[in-house]
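Sharing a structure below in structure tokens format, with a few things to ask.
All chains are identified by letter, namely A, B, C, D and E, in their written order; residue positions are counted from 1 within each chain.
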Amino acid sequence: GGGGGTQQQPAQSASGGAAQPVADAALTQVYNPSTKKGGTLKAAHSGDWDSLDPADTYYGYSFNFGRLYWRTLTMYKPGPGPEGNTVIPDLAESLGEPSSDGKSWTYKIKQGVKFEDGTPITSKDVAYAVARSFDKETFPHGPSYLNELLAWPEDFKGVYKTPDADYSSAVETPDDQTIVFKLKKPFASMDYVVQMPMTAPVPKDKDTGAKYREKVVSSGPYKFESNEIGKRFALVRNDQWDPATDPNRPALPDRIEVQLNVNADDLDNQLISGDIHLDIPGTGLQPAALGKVLPDPALKARTDNPVIPRLWFVSVIPEAPPLDNVECRKAVLWAADRVANQTAYGGPVAGGDIATNVMPPPVVGQEKFDLYQTPENKGDVEKAKQALAACGHPDGFETTMTYRAERPREKALAEAMQQALAKVNIKLTLKGFPASSYFSDYAGNVEYQKKNKIGLAGHGWGSDWPDGYGFMQAIVDSRTIRDAGNYNLSVKSDKVDSLIDQASGELDATARGKLWVDVDKAVMEDASILPVVWAKALLLRGEGVTNVAYNEGQSMYDYILLGVE
Amino acid sequence: MEKHFPVTAGLFKRQVGAVKAVDGISFDVFQGETLGLVGESGCGKSTTGRLVTRLLEPTAGKVVFEGRDITHLSQGKLRPLRRDMQMIFQDPYSSLNPRHTVGAIVGAPFRIQGVKTEQGVKKAVQDILELVGLNPEHYNRYPHEFSGGQRQRIGIARTLALKPKLIIADEPVSALDVSIQAQVVNLLEDLQRELDLTYVVIAHDLSVVRHISDRVAVMYLGKIVEVADRKSLYSAPMHPYTNALLSAVPVPDPKARKERERIRLTGDVPSPLNPPPACRFHTRCWKAQEICKQVEPPLEERADGHRVACHFPENAPAAATPAAGDAQV
Amino acid sequence: MTAPLDVSGASAQVPPEATLAGAGRAVQGRSLTRIAWMRLRRDKVALSGGIVVIFLILVAIFATPIISLFGHDPLEFHQEAIDPNTLLPLGDFGGMSAEYPLGVEPVNGRDIFSRIVAGAGISLLIGFLATMVSVLIGTVMGVIAGYFGGWVDQIIGRIMDVFLAFPLLVFAIALVGVMPNEGFGLEGNGLRIAMLIFIIGFFSWPSIGRIVRGQTLSLREREFVDAARSLGARNGYILFREILPNLMAPILVYATLLIPANILFEAALSFLGVGVNPPTPTWGGMLSEAVRFYTLPHFVIFPGLAIFITVLAFNLFGDGLRDAFDPRAH
Amino acid sequence: MLTYIIRRFIGAIAMLIIISMVTFGIFFVVPQWAGSSPEALASRYVGRAATEETVALVAERLGFNDPVIVQYGRFVKGIFVGAEYDYGAGVEQCPAPCFGYSFISGQPVWPDLLDRMPVTFSLAIGAAFLWVVGGVFVGVVSALRRGTLFDRLSMGTALAGVSLPIFFTGMVTLVVFSYGLGWTPPGGSWTDFTVNPGEWAYNLLLPWITLAFLFAATYARLTRAGMLETMGEDYIRTARAKGLRERDVVVKHGLRAALTPILTLFGIDFGLLIGGAVLTETTYTLPGLGQFAILAIRNQDLPQVMGVVLFAACFVVIASLVVDLLYAWVDPRVRLS
Amino acid sequence: MSFLDVKDLKIHFPTDDGLVRSVDGLTFSLERGRTLGIVGESGSGKSVTSLGILGLHKGGRAQISGEIWLDGEDLVSMPAEQVRGLRGKKMAMIFQDPLSSMHPYYTVGHQIIEAYRIHHDVSKQVARKHAIDLLGRVGIPEPARRVDSYPHEFSGGMRQRAMIAMALSCDPELLIADEPTTALDVTVQAQILDLMRDLQREFNSALIIITHDLGVVAELSDDILVMYAGKCVEYGTADDIFYRPEHPYTWGLLGSMPRLDREPTDRLLPIKGSPPSLINVPQGCAFHPRCPYSERTEGRASAEVPDLAPTERGHLVRCHLPRAERRELWENEIKPVLETQ
């Protein structure tokens, strides 16, 4: 269930703004508030989007940034502070109305919203967008929550392959304003799901399938002026967007330019110098820039250092003997030097806080506990040896740890683990694999795991939305495990699974939160995950950028608020 | 005997022609004699030598050695015969492997042929070195430590190792200085006398050939145009080409230059890729007539042991004064 | 009559003064190799290159004692030498001190000195063995192509062309990146190093192959080959006894020049993140990490210098070797 | 002459086929050693937390369920006759030469390659100009002043040049000249020549110089060796005996002949460089073919990998053909047949 | 003073192994219209001498001393640039191997035109006409077509003709031919020798012909200089050298040659040993280790260098043996062996 449903004024007027550069200024309030329109916001990305198509993207920054050119039924409440975790209506007049059995959710679309070409947006356009996102062959990247939640007809193969199919059993539009989602089973977090871009309206006559990404039709305050995929694109004002229907987006800049595939270090340098205003992925500065920014008070004052709902962790895989014995897994957890691990991930500032359990603090209902407390967090050789003895390997054992070769931090983590485990005679062999096939061919491939006796695998997970289900389900539910492409590499516990079922079915938010903590505890008892850090990002506010606020729901700066001086 | 080197061209490497390096020549060499083979560069002398020793596979024809047809013997069957038939090479610098010691080079024949000697290979090699006028103590030296003449002696020593019967010497002295040339020529003669060798000496220097040969064959463009014993060839050459060759040799006698009258050939030897038809010499011959362009003259015996391939041979067996050279234009 | 000038008999033993000092006495000849060696000894630059090479080899062999004497375990973390916030080394010049002669790495504080010393072994091992692989393949292919000629030569020539047109680095990356983890009785880093050696060696053989082919082609035309053949020597004898000894010098020279190229190749692969598995230190790998910390000069400079000096030393030595074997250079 | 070109052309195509098969093989065979299935391959190209159905659909769409031979055949067919691309809402024609569509971005590969071409080409052209002019000049002067301080210094520098890995020099120059002194733009800067030639040159200055330094070394050494050899040739003596001025002897007679082997090397180097200066582009993050290749491999984007590899190989082939033709033109003794 | 006067010419090359005394005190002179032949074994310094005259010996760090007077000017002390101006115009050279001596990348015509235009300020067309003329004069058929051929398209004889045409392009007064026919077949050699003789008559130039073939020298030369180890050992008219040679080395050369113009001898009379290296020239008379008569000098042969002493009529000989003894040896021991067998 969502938070407050009341409409709020744009954030900048709600919070008292800070104009003096102070570290962490944008975490709790809007930094450098402004209502001045105009200017060009220059943004850059060190990599590339998966897709600009709302049906085919699954990156947090993409959800965040996409709101500049699309509107979804609901959205995270813009602005700083804990309120950012709550959802508010966007295209919808209000949050969803669940039916009493919790199996259907109804939303009403606002009047007067239009596409960039002036055609009014109706519930049919939203329904079409949802239906088209069903086609995973065409849109393999996007999330598939709605594919699974909604009661799609048996023979429905997507709007392209079965153009005449009637999918009203899943999503129905009784009139142009109303849209009803029909679920297979009760589901409480629908308001969170529909803030995802699958519900951004797509006009059927402009839909070009996989090529729609090249020319997305805007429903938000900006529309595409140009789009060179893989290189750059530019957004300009959409004159058909009516601010009256949209109190949440101040839409300050006249123009937004995005450069793609910029060298990460250069990007940092340009951000520092003010040549660009925004680092799109919002994962923080590179080590070289850290060395420059942290010691320099003036630069440090421009930073924000939030904890984000992301866990970096090591899967301790029970498939590889002797790790099939829980005591051996515990030995690994006891022996790990958490400080060294934290350092590997970038230290307390850029890396994150030492994680003692799975769920990170920003997740609603999270509780911090530590089943494997060690002196100064540096690992406890004694306890580890006891665990080893209990497991029947007092002289240690050998196993393999994988990491993604292109990720220096994961590599550093692997090296740190190797050092720490060596102290209790657990010998680690390290293996780096290409990130692109890490989950498909190697660490996330069951067959490969078994064949190559992969005992430990470093990776990470960020939630789609900050509640227990959103964060935990994908990485601890053993029933998600399939042949290849797994993100849950190690948690195969019936206890965990049943607790998950219990938690998902619980409609009361507080009780649900508690149940998720129980899931967390069960996982830690199973010792199949070694949490490393709850990620923190050292974000740098661009020079001359106004209205900067860290939004917890996006775990990034709120991109729809930004303006330029 | 013939040897055609294929010439290929085109997309799929069809054979479009052949270099008729050696085109239907026949000669025989008798035990104990020296046959000289002369001709201008590119006329096929070396090819002939290599065909006889089967370093090249003849395109057609036969090589008969001691009554045995060795034309198509496999290399394996040929190996024992190699002992009897050896070759001396022209270039004393490239015919010795610079990485081997003299001992290894001269001893190679024993090793390759698997011949055992009574007192060991080393002694045998040293004996041969002595025979060719080298210091046997130079056994462990390398070829580059020797002068051209000495190197040629090493090469000769190698050919002698297995006491061959026939030696084919391809321009054995033409890379050497005059004074050294004489040393080697003398050595070859001495060895022939001592070891009862048979030589085929290939050279382009007519005076050297005359000095050491018993019989001489003159080649022109892959064909033998004249064969005769030394005396009759040099004193009464029948083929116009032989005549021209002889008269072209400069004579170290300042007075003679005023007296001599020469035959001057014009032009160069035509390409063997595309030799003139019929008599190949007709393009440069001052006596050429229609028939020379039509009919190929056979190599016929015109005088005792004197064979020539010409429609209009020069002097009948009549003699000319050797000192002045002969010249009739 | 025996003319007074005629001395062609058994007594003509005037030594070639050009090469022999004491006539007749020095029975042992000086081979071309020894002459080249004498020339090399006079070439100070090449010699100093050679000395550095030997020094590097010694360092690689005695890496463990050197490290235990002057540094720390190359894999050991030294968090105390690192600023926990910035993760950069504490102290000036990247934490250079008597304790850490060349400073420490950021993040984990590993001793750069001992990592560079330890890296020498990997670089040289891969450089040498990969070169041996390419020399082996290159020589065999080159000799076969050059000696037998004809269609064999054509085919090998085309194969070399293919290798030339391959974007090698790209291929090596693709291959190394997806290499299996066990095989050929090896696993882990051993397999990885073996794979690197094979891949680097396999991709650089055509350079040697071409040279050997060219040399063989010209050697084949030399008359001593005909001489051996006319003595009834088999192909094997001619190849191994006559031709191969003459190829040794060029092979040695180009192998010496190929070693630095292969060291660079390894460094490039490590730099691109597909080299030896961490935490084993390699120079290229250190450089690739240094990219992220380019503001730390010591982190960049030392591994870079190590590569540079090694490659330069080999190049100098190889150059000198070539001059020594090639009389034309004098 | 024409038959020569045709033969070379056929040879080149055979070569490209081999290269493409090997590339294809690496992509499919090596993962199979790791026990890979079509689904595993497909799960590389889906979003995180994709369902099994999604993976199966993608495997089908990308054709991973067909035997490798069939997939290869489809690829080759695409190059020669073009292909069709189903984008869900319709079908797009991809005319020959069609290297297919990226597994990841769904963009056609060919336009991407063409798009990146100018970067690599600019890099190669500029650097090649610098290193040829610089290397040849230094080589000639060194040869003429053999044994002097200049000779020894420049040859020493040359050896140093070939001994420096580009990723090291690149990094050092970037840190010093861009980040430190601010004289040159940061890595990753690129402006198209047609947009602003000045900017274009300014952005490429540093990569040009470092790359040229690396290559100039080889060229200087080669030129020097070549010059020393040709200047000892008989025809140089003849030229002098004619009374020709020394400068003309060096340039018209010596250099002319010494340059031919350099031409060969240049053809190979330039061809390889055009095919993708991987290390240089990585160090300077230039958006050229080399970077494209690295990204494609990292992403295991087969159509892109195939595209860039064949593209690169083509350039090597073309360059060596051009060199051979040039050679025949420069050196009249060479006859092409 | 003669047209060409070379006095005590020394050309030494310092090398790693020692000082190479390629030419060590050579003196000779030559008039217009006359021919000097220089003979000697390989490495005796013949080529270096000729290159020295043209100022082309500069290969290494050559040291040159002595005087070379050409038409009243000393080339040794003249600035290099001035010598260059004379090269090709006043003195020209024909080299041994015409293939390697012509630039493979330029047409024959181009190379002749170049030679002509260095010294004559004329248009390319005029120079080309001249080149065609010259090619015709040296007996190349179809000169107007052949002018555009490359050297490799010519046969050996034609190349040598072209080489001669190049040398003659500016009507040089001194022509040096360094082994002009060694690479050629006899028949072609004869053609070239004829050509050179004819051209010399026509141009009335001074000709130096360098060779190791006594036959060639005999064909062309008026005077002959025999070189051994960088020194002149005998210098005289052709008749002197062939009919009255007084140096044992010259005897050796004559004895080594099989001759077509005489009855074949049974054995040749070679010189023992081989020529010395010019770094380690034997002490005293350089020839003494190979000389069969060196014992007869009571050790002087290995101790002191003999003078180049005149006999009658300008015939110079460098030998320790007394003149009478030499003549006796020649008349009684050598000549009969050479002529009678």
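Just so we're on the same page, contacts are C-beta pairs under 8 Å (C-beta built on N, C-alpha and C of every residue); 3 or more make two chains touch, one makes a residue touch a chain.
Everything quoted here is computed from the prediction, not taken from an experiment.
Steps from subunit A to subunit B, minimised over paths through touching chains, total 2. Looking at subunit A and subunit C, the chains in contact with each of them are D.
Chains that touch both subunit A and subunit D: C. Comparing chain pairs B-E and D-E by the number of C-beta pairs in contact, the larger count belongs to B-E.
Averaging Cα coordinates per chain places subunit A and subunit E 93 Å apart. Averaged C-alpha coordinates give centres for subunit C and subunit E that are 50 Å from one another.
Annotation: 48 Å between the Cα-based centres of subunit B and subunit C.
One inter-chain figure worth recording: subunit C and subunit D are separated by 25 Å, centre to centre, where each centre is the mean of the chain's CA atoms. Residues of subunit E in contact with at least two other chains: 252, 255, 267, 269-272, 274.
Counting only residues that touch two or more partner chains, subunit A has 265, 406, 434, 437, 441. Within subunit C, contacts with two or more other chains are made by residues 6-8, 12, 16, 18, 177-178, 291, 294-295. Every residue of subunit A that touches subunit D in the complex is listed here, in rising order: 48, 50-51, 56-58, 135-138, 140-144, 147-148, 158, 160, 207-213, 229-231, 261-263, 265-266, 269-270, 406, 434-437, 439-442, 444-445, 447-448, 451, 474, 480, 482-485, 487. Residues of subunit D touching subunit A in their complex: 31, 34-37, 39-55, 57-58, 60-61, 87-90, 92, 104-107, 112, 179, 186-188, 285, 287, 297-300. Listing the residues of subunit C that touch subunit A in their complex gives 75-77, 79, 82, 84-88, 106-108, 177-178, 181-182, 187-189, 273-274, 277-279, 289, 291-296. Subunit B contributes residues 40-41, 147-150, 177-183, 185-186, 189, 204, 206-208, 210-211, 230, 234, 244-257, 262, 264-266, 268-269, 322-325 to its touches with subunit E in the complex. Contact residues of subunit E toward subunit B in the complex are 41-42, 155-158, 185-191, 193-194, 212-219, 221, 238-239, 242, 252-265, 267-272, 274-275.
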